[in-house]
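Chain nomenclature is as follows: A, B and C, assigned in order of appearance, with residue numbering initiated at 1 for each chain independently.
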Amino acid sequence: MISPVLFAAGGEVGGDFFRERTSDTLPCQAQTDQPFCFDWARENIDRFGTPTVQHLELVVISVMIGFALAFALALLAHRNTWLRTPLLAATGILYTIPSIAFFFLLLPVTGIGKDTAIVALAAYTLQIIYRNTMLGLENVPSSAKEAARGMGYTDRQILWRVELPLAVPEIVAGLRVAIVSTVAIATLAVFIGGGGLGTQIYGGGNLTFPTSVFIALAIVVLMAMAFHIALLVAQRFLTPWRKARVA
Amino acid sequence: MTASLPPIASFTGAIEFIFSEQTSNVTGGKKVGGFEQAVELTLKQLEVTALALALALVVALPLGLYLGHRGRGEVVLVGLANAGRALPELALIALVAALIGIGLVPVTIALAVLGIPPIVSNAYVGVRQVDPAAVDAARGMGMSEMAIIRKVELPLAISTVMGGVRSATIAIVATATIAPLAGVVTLGDFIINASIYGEDGRLAGAILVALLALFLEGALALLQRRLTSDGLKVKTA
Amino acid sequence: MRTDQTRVRALLAALAALVLTLGVAACGSSGDSTTSGSTESSGESGSIIFNPQNKKVTLTIGSKNFPEQEILGEIYAQALAAAGYKVKTALNLGSETVALKALKSGQISGYPEYASTALTSFFGFEPEEVPSGAKAAKEKAYAEFVKEGLVTFEPTLFASANAVGTTKETAEKYGLKTISDLEGVSEKLSLYGSPECRQRIDCLAGLEKLYGLKFKSFTPVDIGLRYTVLEKGQADLSILFTTDPQLSAESDKFVILEDDKHVFPAGNVIFLTKRKTAWEAGSGLEQTIQWVQKGLTLKVMQELDARVELEKETPKEAAKAYLESGGYISS
């Protein structure tokens, strides 16, 4: 297999390739004590595009999986009360283990990449969603359940038509906290090759470049706020019978 | 080409790393790992966690109790709690390292910052939930406001307060794991600088960090139970 | 009292925040995690000729985890893409042991290694056994690598080495010109280096063993902070690289001490790959690599390092600028 490469003269860079640099003319981003460089930020904001999308992907998928699993477990424990303590303990363990350690505990099994990150992030959300769902179901006034039973509802109907709707505020509150936390923790995915905004904090020299860290931080906080507000609003819309209390 | 080690083999390698020294991946012939180093880094992580927690308590607990007593500042505290949850620890450590400095003091302060929101908001909520009748009775007996906080509200709120302490500890321990990025060499060093310690070291670090966090959580849970007077033990789910 | 109006406002706020986030995401999101051959424009007027035969071969170019390495990785990757190969990158792997492991396991097809590092790190040679000539060092490394089924290509023009650096003030205060001048003084001075430095023979371990120096303290820091700690006065001494852009751009602030005992051998870069890979990829691999290296003088490498480390450009941008300026690819 021969692939011809032209051996013409050349390959030297042009004279204008070299830039003048002296101590006093270093741009903002080259100086070690500058907290934020606006010019650089303006010119390089597109660098944060793909990481933001990756970050969103990590958060949404992890929380969806975590919610589905925790919700199912809560329903299970609601019916079978003996499961409550063990499940609370199990989800508690997953919550307590620091995510970065969790990534590398999973590594021998799931390898490097965003799959491992998703598993760990989902595991982290289990306790809060499980606990809030249980709390919401427990706080359903027995009068409501009695009334439903009186009307001839089956257990299943009571669950889906009375208990769960009344538990929605707690459940959504748990989901809200879970999502906000996940947005923050997903930054650690960079350590396991999972992408996300952590790459603009830890990857390639960014660790010591505050401007990049601040921008990534701002996007994370914005994203968290967006989800927080969106879920607060969703909570209000889903429970119209609960007009907010007088401030 | 080479198949990845079956998980069990990886774990035995990690256990070996914890207990006996291995040759480093990097030249120089120095050995890494082993029990002594594992203990050293564990103690360092405990040290910075304890210091940060203490600092957070000193700042947040009185503030939260007082605000709860007065019933002021709920909106701010709720906002603070949410903001604390949304704060990525990696960014915090990076900024501290680059802008403030590396070493135990800057890192302790950064970690304390992470611990303050859950403690202050839980202290607030805990005090708010105290039966007003108890407070009135105390006031009726002529207790000063400070004494009421200390002798009536705090004991009654202790369970919730401890919940906040536990949350704070989880956040602090997790961030202490990446403290090596800011010059405080904790167990996270095994994980972050795996090029020195190897994959066995990295897994060993993950195991030790997980165990440390679980141990602290367990200890605090026990403490919470001990401190909550029997009359108040609420049956959690 | 919340009213419908407040609800609407809250909804708008949520939408605004979401739109802002998505705006940033959309603003720059491009599927650019791989440097797949930009086969449309390249090669026509650049000196690297596009050969459609190469499309059958996929190469994953790796690099170690510091800027100079990432720039080199990008240069090679983009050049090979211009030559028609399907190219992926796996930059930022880690230290040389991680990179070598990735190469041997097939995770990457090749990466740029320093001949000196290969000899001291992989094959256990002492620093003084590293030949000072680029070609000789390459031959010595090649002879060892070949036993493991690996091959190296010709070396780059520039060489890079670790160095002990300090501020001009400190150097003047203690009269430091060479590393040996630290004798008797080093006990008062703090040294900052990368976390691995403690173990490396071409770093602290070498300073202790071969220069016989003891330091007041050693603090591990991210290499991105190696100049910051000097500037902030936290470090008396810091481990720097001879190709660092700060050394020329801020030459009034920093100096490096001469390595008079040759404990820090300079290494030219040699591209390392499996013999099998080189065979399957055809001569285009070696030829492209060697052709694209032709412009990499010390000055050029420092300029590229400066763009990435000082001006915070991405290695990809810097590599592209080099390839365009040198006429390798058309702009």
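We take it that a residue touches a chain if its C-beta (ideal position, glycine included) is under 8 Å from a C-beta of that chain, and two chains touch if they have at least 3 such contacts.
Here the structure is a predicted model, which means the values were calculated and not measured.
On a Cα centroid basis, the chain most remote from chain B in this structure is C. Taking the mean of all protein C-alpha atoms as the reference point, the chain centroid lying nearest to it belongs to A.
No other two chains have as many C-beta pairs in contact as A-C.
Spacing of chain B relative to chain C, judged by their CA centroids, is 36 angstrom. Taking each chain's centre as the average of its CA atoms, chain A and chain B sit 20 Å apart. The mean-CA centres of chain A and chain C are about 32 angstrom from one another, to the nearest whole unit.
Among the residues of chain A, those in touch with two or more other chains are 32-33, 207-209, 225.
Residues of chain B in contact with at least two other chains: 97-98, 181, 192. For chain C, the set of residues touching two or more other chains reads 222, 225, 228, 232. On the side of chain B, the complex with chain C involves touching residues 1-2, 24-30, 32, 97-98, 101-102, 180-181, 183, 185, 189, 192-196.
The touching residues of chain C, counted against chain B in their complex, run 94-95, 97-98, 104-106, 120-121, 124, 195-196, 198-203, 205-206, 219-222, 225, 228-229, 232, 234. Chain A meets chain C in the complex at residues 1-8, 10-14, 16-19, 21-23, 26-27, 29-30, 32-33, 40, 44-50, 52-53, 56, 203-205, 207-209, 211-212, 219, 222-223, 225-226, 229-230, 232-233, 236, 243-244, 246-247. Residue ranges of chain C in contact with chain A, taken from their complex: 1-2, 7, 10-11, 13-14, 17-18, 20-21, 24-33, 47-49, 51, 53-54, 67, 70, 83-84, 92, 222, 224-225, 227-228, 231-232, 245, 248-250, 252-253, 282-284, 287-288, 291-292, 294-295, 299-300, 303, 306-312, 314-315, 321-322, 325-328. By the touch criterion given at the top, residues 32-33, 35, 77, 84-85, 88, 92-93, 95-105, 107-109, 111, 131, 134-135, 138, 177, 180-181, 183-185, 187-188, 190-191, 197-198, 201-202, 206-210, 213-214, 216-217, 220-221, 224-225, 228 of chain A touch chain B in their complex.
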